[in-house]
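Next come two complexes built around subunit A: one with subunit B, the other with subunit C.
Moving on, here comes the complex of A and B:
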């Protein structure tokens, strides 16, 4: 295993007291694999990603767990040591391509700086590699684009530049935090395809954070579903999407318009997520769960292995699986 | 029927800026006077047949005439010559003090803002201490303590002026620091120092530049004030403040001695202020009309 997060818990300190945002999150990434993390806003996807890079805000505190990357616990590295990993071994792509580039520096220079930093080459060579990197992300006339400032590029172009930047080392792991959310649908597909290609070409692993199940279905090998700071379901993408047995994942899938007839009403997950300052004692999904029982209110569900590639955290999962087959 | 697309041509950005610059006559006057001053300072030796410190005792305290436009002083030196050589000194010192102070202040402020925490707090409290004193009083005290000389006057002015730039740069940095591209730069593995110099400072420098032009007038005034008080440039340096310092003794009978250097101080500081205001309107997108 290439990257493994074990029982990670993160707390935010504020004047209101402590707020647990991640609880016992465990996940792993294999070499060359694309995994997806899905969940709604505030479910802890980005916090998980940022804690890998050690870029959590000052008020965040990691209370438990370890992040093992190539036999090193990232949480025990000094700021200097982790700084060496950033960009070089672990890259990141952000949600907002509009603001992820320095507005006062030319595109080419921004990329060349990073290349020079990681590949230890002279300026001329860095410039050449910059053009190559821009070509890699399918930018036509890279020489022209390199001379432009970010505001002169469209959103899709900028996201390509950001990908080129994140890939410039090239890193072995890329964390993509909702890379397509700010883009329109046609560009989304292109960017995803691009990431997939780069991943195959360079053997890079990708952690793809998204709230779009369609994206997950398209490119992820495995998927983790998060809710309220916990992983509620994990497994092979096909298994999770086709045979989801957690009520939350099922709710998500059933609320998609795909495969529904025109006048069929979409199912809705009623209610809203709990207040993170007031975490439930039992299952995190209790307040919205259609199949909750008394047990769910008081006891946290254990992890159930449906099969080797598919785990869920739900007391009623078995029932639900059966129920699903009945339907 | 043939239809033609309506061509909407946007004038070039510099044209718009130039238009807005021109629209404000005061800025234009400020800029014009400054250009005159700069030409005057640059070509001082060509503009006058006299040397700034050539003494002519037979012709002392002469009133303005064709030979001596601004008259002569108590040892017969030509005041016009001394005033334009003084422009060299005042503009040169003023600009170098403010630019150096501005840049150092920006670096300190950006660092304080970027790292924040205790480090930032300590720097800002030091700046607050400096700001707590009236500018002129502190500058006087510092120059007096260091010993009256031109260099010490410049140093003192740099010290009393730096908090303005530090605070400005810090407050802008606090905004820029939270921008995604700073965080993104971190994920690319760039170091903090690199990020401060290449990503933060270029994005906070505009207001600093405006502040520099606004402060220039102020600094020229301060240099002259210290000179006038006998704390800055020492005679026989042809410095405006120092000239008034000697000239005011003769003011009742030889009005021209103190008047002309004073007029030039006034013109220089007013025109810098006007230009600074104009530039602020021009470069600050928030003041778009």
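Moving on, here comes the complex of A and C:
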């Protein structure tokens, strides 16, 4: 296994006291694979990603677990050692491209700097690689774009530059946190295709964090569904989306307007988004669950295998197993 | 209900909306769909009187909304309302929910104000949007995104409007909460015989909610028609591209 997160738990310290935001999260990424982490606000999907690169805020405390990357536990590396991995072996793409770029530096220089640092080449060679990197992300006039500042580019172009930056090292793993959420759909489609191509061409693994099940369906090989800081369902994308066996995933898919006729009311997950300050004793989904029992209130569910490629964390696992396909 | 004719709007020479004509029938939901910068919110804002058109006319129930001097002629108070995208910023944090919800009443005639300020009416209103009377004395920060949007909807319907502009009403919400709000909007429409102008960039939401849609691209209306017809056989190149870009669950990757 290429990257493996084992039993990761994270707590935030704030004026309200301690808040557990991740509880016992385990996941893995294979070489050349695109995995999705999908969840709504407060599900812990971004915290999971940030903890891999040691980018959590200072008020965050990792209370348990390990993150094994190529036989090293990233949580035990010094700041200096992890700095060597960031950008070089593990790249990061954030949601808002404007904040990820330096507004006072020309695009070409930003990319060339990264290339020079990670690939130990001279300036001339770095400049050449920069143009190649911009071409790789389907920018038609790379020489022109390299001379521009971030503010002179559109959102879609900026996100391409960010991807070019993240891929320039080139890294072995890219963590993309809602990379297309701030973009229009037509541009989103292009960027997703681009990421997929880069993954195939260079064998890069990608962790894609998103709230959009449609995006997951289109590009991820496997998916982890998070709710309330826990992974509630995981497995092969097709299985998880079409044969969702956890009441949350199922409810989420059924509540989408896609494919519904206008005169049928949408199925609704009752209640409000998860609030980590009111973490329940039992199952995190208890208050909104349509199939909850007394047991779920008091005891946290264990992980159950639906089959070899599909796991859920639920006491009532058998309920949906033989249900009809969703999509 | 609403007729827009040859509407244009320029900001310092930049064209935001160009020569747009649409008409919305009573009781219908008309969807404006488009990407950022397509001008969809500009049209909403001109209709509600927040922006002045450069040229063109808008008629609401046969009456012009903007006169020749560029002045907004307010339709009868409370007849037209708007719900914005972000309930975080559209509710004043220093007001109680009661203050927020009843604010539009100040524009109504005295007699109607009296009736609607009554506790009974407010309780009924809150229940109608899926909240309860205990919430009236609380403040916005005590509520989640979905609840805040319910409050914004309560504020819009308190005056018994006939027409509501919904500007991306669920775009800031989690998917699981979005369904609740869409159901609520449909139910209210039926009960109160409302007409909606529904502005959104989300095609699956538009398809589910609207009777007719107009597709905007760079300030122009590139295509218009009945929702299902348009989705099944879009004619214009841009519409086709827009519809096919939407990531769908039904095209799940094989693996």
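Criterion: the second predicted complex is superposed on the first by the 319 of 327 C-alpha atoms of A that agree within 3 Å, B and C clash if a C-alpha of one lies under 4 Å from a C-alpha of the other, contacts with A are read in each partner's own complex, and residues count from 1 in each chain.
Assume a contact is a pair of C-beta atoms (placed from the backbone, for glycine too) under 8 Å apart; a residue touches a chain by one contact, two chains touch by 3 or more.
Because the structure is a prediction, the values reported are computed rather than measured.
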{"item": "Partner chain(s) touched by A:267 [first = subunit B, second = subunit C, both, neither]", "value": "second"}
{"item": "Touched partner set for A:107, first subunit B, second subunit C, both or neither", "value": "neither"}
{"item": "Partner chain in contact with A:256 - subunit B first, subunit C second, else both or neither", "value": "second"}
{"item": "Which of subunit B and subunit C A:53 touches, first, second, both or neither", "value": "first"}
{"item": "Touching partner for A:189 - first (subunit B), second (subunit C), both, neither", "value": "second"}
{"item": "Touching partner for A:162 - first (subunit B), second (subunit C), both, neither", "value": "first"}
{"item": "In the superposition, subunit B vs subunit C on subunit A residues touched", "value": "C"}
{"item": "First, second, both or neither for A:86, with subunit B first and subunit C second", "value": "first"}
{"item": "First, second, both or neither for A:35, with subunit B first and subunit C second", "value": "neither"}
{"item": "First (subunit B), second (subunit C), both or neither touched by A:25", "value": "neither"}
{"item": "Footprint overlap on subunit A, where subunit B in one structure and subunit C in the other make contact", "value": "none"}
{"item": "Residue ranges of subunit A in contact with subunit B within the complex", "value": "53, 55, 83-88, 91-92, 94, 96, 99-105, 113-114, 117-118, 162, 165-166, 168-169"}
{"item": "Subunit B - residues contacting subunit A, complex", "value": "179-181, 183-191, 194, 198-199, 202-203"}
{"item": "Subunit C-facing residues of subunit A, complex", "value": "40-41, 155, 184-186, 188-189, 192, 211-215, 217-222, 236-238, 241-242, 251-253, 255-260, 262, 265-270, 272-273, 275, 288, 326-327"}
{"item": "Residue ranges of subunit C touching subunit A (in the complex, touch as defined)", "value": "35-36, 144-147, 174-180, 182-183, 186, 201, 203-205, 207-209, 227, 241-242, 244-255"}
